[in-house]
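The structure follows.
Should a chain be cited, it is by its letter among A, B and C, assigned in written order, with residues numbered from 1 in that chain.
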Amino acid sequence: MTAAGGALIAIEAVAKRYVTSSGPVDALDDVSLSVAEGEFCTLIGPSGCGKSTLLGMLGGLVTPDRGRLLVAGEPVTGPDPRRVATVFQDAGLFPWRTALENVEFGLELQGVPAERRRRTATELLGPLGLRGFGERYPRELSGGMKQRVAIGRALAIDARILLMDEPFGALDEQTRVLMGEWLLDIWRRTRKTVIFVTHSLHEALFLSTRVAVMTARPGRIKSVLELAMEYPRSMESPEMVALRAKLWSEIREESLRAMK
Amino acid sequence: MKVAVLRLALLVVLLAAWELAGRAANPLLAVPPSAVLPSLRDLLLLRSYPGLPASLWLTVQEIGVAYALAVAAGLGCGFALGMNRLLGRAWGPMIAALYAVPAVVWYPSLMLFFGLGAASKIAFGFLLGFFPITLAVLAGVRQVNPQLVLVARAYGAGVVTVFFRVMLPSMLFTLVGGLRTGLALSVIGVIVGEILGSKNGMGALINHAYGLLRTGDYVALVLVTLLLVVGSDVLASLLEHRARRWSD
Amino acid sequence: MRRIALALQLATVLAGLALWELAARAGWVDPLFIPAPSAVARALAAISGPALAGLGDTLAKTAAAYVLSVVLGVSAGLAVGSVRLLRDVLSPYVIALYGMPKILVLPWIVLLLGYGTAPAVFYGTLHGLFPILVLVTGAVRDVDRTLVTVARSLGATPWQLYWKVLLPAIVPSVLAGMRLGIVFCLLGVLVVEMFAGVRGMGYMMGSLANGFQAPELFAATALVSATSIAIVLGLDQLNERLSRWRG
């Protein structure tokens, strides 16, 4: 079920203000965006532009001061794991649970019987590239592996929407690139709607069907780029090079403003 | 601000509850704060226990001697074990194992050996204070960065210089923590020793008051003793701050 | 290095015992105050009946106090740790009570509860409660916030948050607290037995001291010490078994 216009996610004139010890801070101001089903939409912008806050709102963990967010036509009132799954920058794996038990966690919360969840989780290990690592504890896993477990945990509950808040931010360059390719493969197979927050232009251009550039604080949507190219994309094609330049000029302006 | 107010409120509520409970119950057993005040006054004016200053002084002396011995032995053993890797690895765990034994088991033996006088209290206070100090020194020496020692040696520093200029500052934090814990435990050791059997000192006075069911006096004596305990810890923390500033 | 250290430990113990035996026999120390190890061993055999009975009594009281300490300590720790206001208001009181020599209130407790088992269990609980409370409160306070956020985003109810996130996260601290707690409980029980007991090892050791029965006293002391070390070692093993994931 989608709202008028076929959008699965509708963000309408949303604003959020935080009260900090140094005074009130407007994180977001009049943000509007709509995302259709099956899209891979990236939010990119300078630090402090409110990307994580926006994601938090979609995930039901943060309430807007003004405006509203609609998922499948219904307003977001709290975490809804049937519809929305979130992956955070810190993998947040429970250290006392094995990789498999971590993947199962969301299903366990929903009361799915043990055998079924074990099966679902085990089946996911293959695509996650973690076959044979199911019984390992988080402290035995590398950074990239931990993030894959975290993503597996989000995939296991089979929500339509996947929110990802700089999931590869803590990884080194090479791992990031490989994880990006892997994520692309997963997305195309599972056909989820993804909202992806990143700082990386490479990731934005490589992965997304559209890129929303946010302004410096208070965050607004500055512009939206539609990317209709085929996957997998060549980052060297003239089209891509031009897009990259365009994207960079938009972001650069905002980054400079954020630095003042 | 809100927190401070609530803390004060809690204290007031507790005192009020104590007062009410005290008045309702058997006056011999429960002594409300209102009854403690006159006893405290009598005590401090030396009317109820004229021997108070002497007893207090004795207890303080016992603590002083016990602690001094604990520090000397603790520093000595701790450094010996810390500097010599083999000895440290052999005897360190044995000392730690003794920590798993409730110290009070040694007390009857100490009473048998030293009698009921001050000596057994000093011995017990020493025992209690010795272990945390030794273990802290041991841990402190272990955590000194060997690179720093190497660098100092490379610049021609002798053993004594290395000790005072490199090791001591590196481990000061752990050491002072251990010294402070040691003091707290020595104090407890002496007090426990006195209460479990002594003829003189604050513990003896407390037992005397309790034995005669003079509960008001008993509470007053406990308060004075508590003042001693808190005072020693405050002193220790002041010295700790001084030591910190000195090392920076 | 490790094996040499172990050998040295063994050698130290044996040499120490040998020296002690020699000193007692040669008369360097008064056997009335410091009996020879052989005399202690004989005494241990002689009093084994009443000693084991006394030990059983002490351990029973300790077990009761321990169960109470753990239950009260963990629940209070959970409550105080999770409510910020409670924690801030209560922490100076808790720290003060933790550091206070509780023996000062023992005469009053005995006055209220009499002699024997009740004051011992009460006082033992009082002693064992605080380290557990302090450790659990700290652990709850320090739970990784990300884990809570993750669980909430996956739709965890408050009950599920407690049961599946908070409790497992604080297990290491609970175990550390329990390890400290057992020694504290035993300590408390022994103190009461020495002060106002009619049974148990504390009472027994006090009587033996008064009767100048040094070999028997040393034997009893050794028995209690060995038991205590064994219990702590056992708990350490349990701790290790339950903490595989920590590495």
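We take it that a contact is a pair of C-beta atoms (placed from the backbone, for glycine too) under 8 Å apart; a residue touches a chain by one contact, two chains touch by 3 or more.
The structure displayed is predicted, hence computed values, not measured ones.
A.B. asks: Treat each pair of touching chains as one step and give the shortest count from subunit A to subunit B.
C.D. replies: 2
A.B. asks: Which chain maximises the distance between its CA centroid and that of subunit B?
C.D. replies: A
A.B. asks: Of the chains shown, whose Cα centre falls closest to the middle of all protein Cα atoms?
C.D. replies: C
A.B. asks: B-C versus A-C: which has more C-beta pairs touching?
C.D. replies: When the contacts at A-C and B-C are counted, B-C has more.
A.B. asks: So what's the Cα centroid distance for subunit A and subunit B, whole Å?
C.D. replies: Each chain's C-alpha centroid was found; their separation is 56 Å.
A.B. asks: Using the average of all C-alpha atoms in each chain as its centre, how far is it in Å between subunit A and subunit C?
C.D. replies: Distance between chain centres, rounded to whole Å: 50 Å.
A.B. asks: Between subunit B and subunit C, what is the gap in Å from one C-alpha centre to the other?
C.D. replies: 19
A.B. asks: Given the complex with subunit C, which residues does subunit B contribute to the contact?
C.D. replies: Interface residues on the subunit B side: 3, 6-7, 10, 29, 85-87, 89-91, 93-94, 97-98, 100-109, 111-113, 184, 187-188, 191-192, 195-196, 206-207, 210, 213, 215, 218-219, 222, 225-226, 229, 233.
A.B. asks: Tell me, which parts of subunit C touch subunit A in their complex?
C.D. replies: Touch list, subunit C to subunit A: 144, 146-147, 149-156, 160, 164-165, 168-169, 171, 244-247.
A.B. asks: Along subunit C, where are the residues that touch subunit B in the complex?
C.D. replies: Against subunit B, subunit C makes touches at 1-2, 4-6, 8-9, 12, 33-34, 85, 88-90, 92-93, 99-101, 103-108, 111-112, 183-184, 186-187, 190-191, 194-195, 202, 205-206, 208-209, 212, 214, 217-218, 221, 224-225, 228-229, 232-233.
A.B. asks: Provide the residue numbers of subunit A that touch subunit C in the complex, in ascending order.
C.D. replies: 59-61, 79-82, 85-86, 88, 90, 92, 94-97, 105-106, 108-110, 137-140, 153, 157
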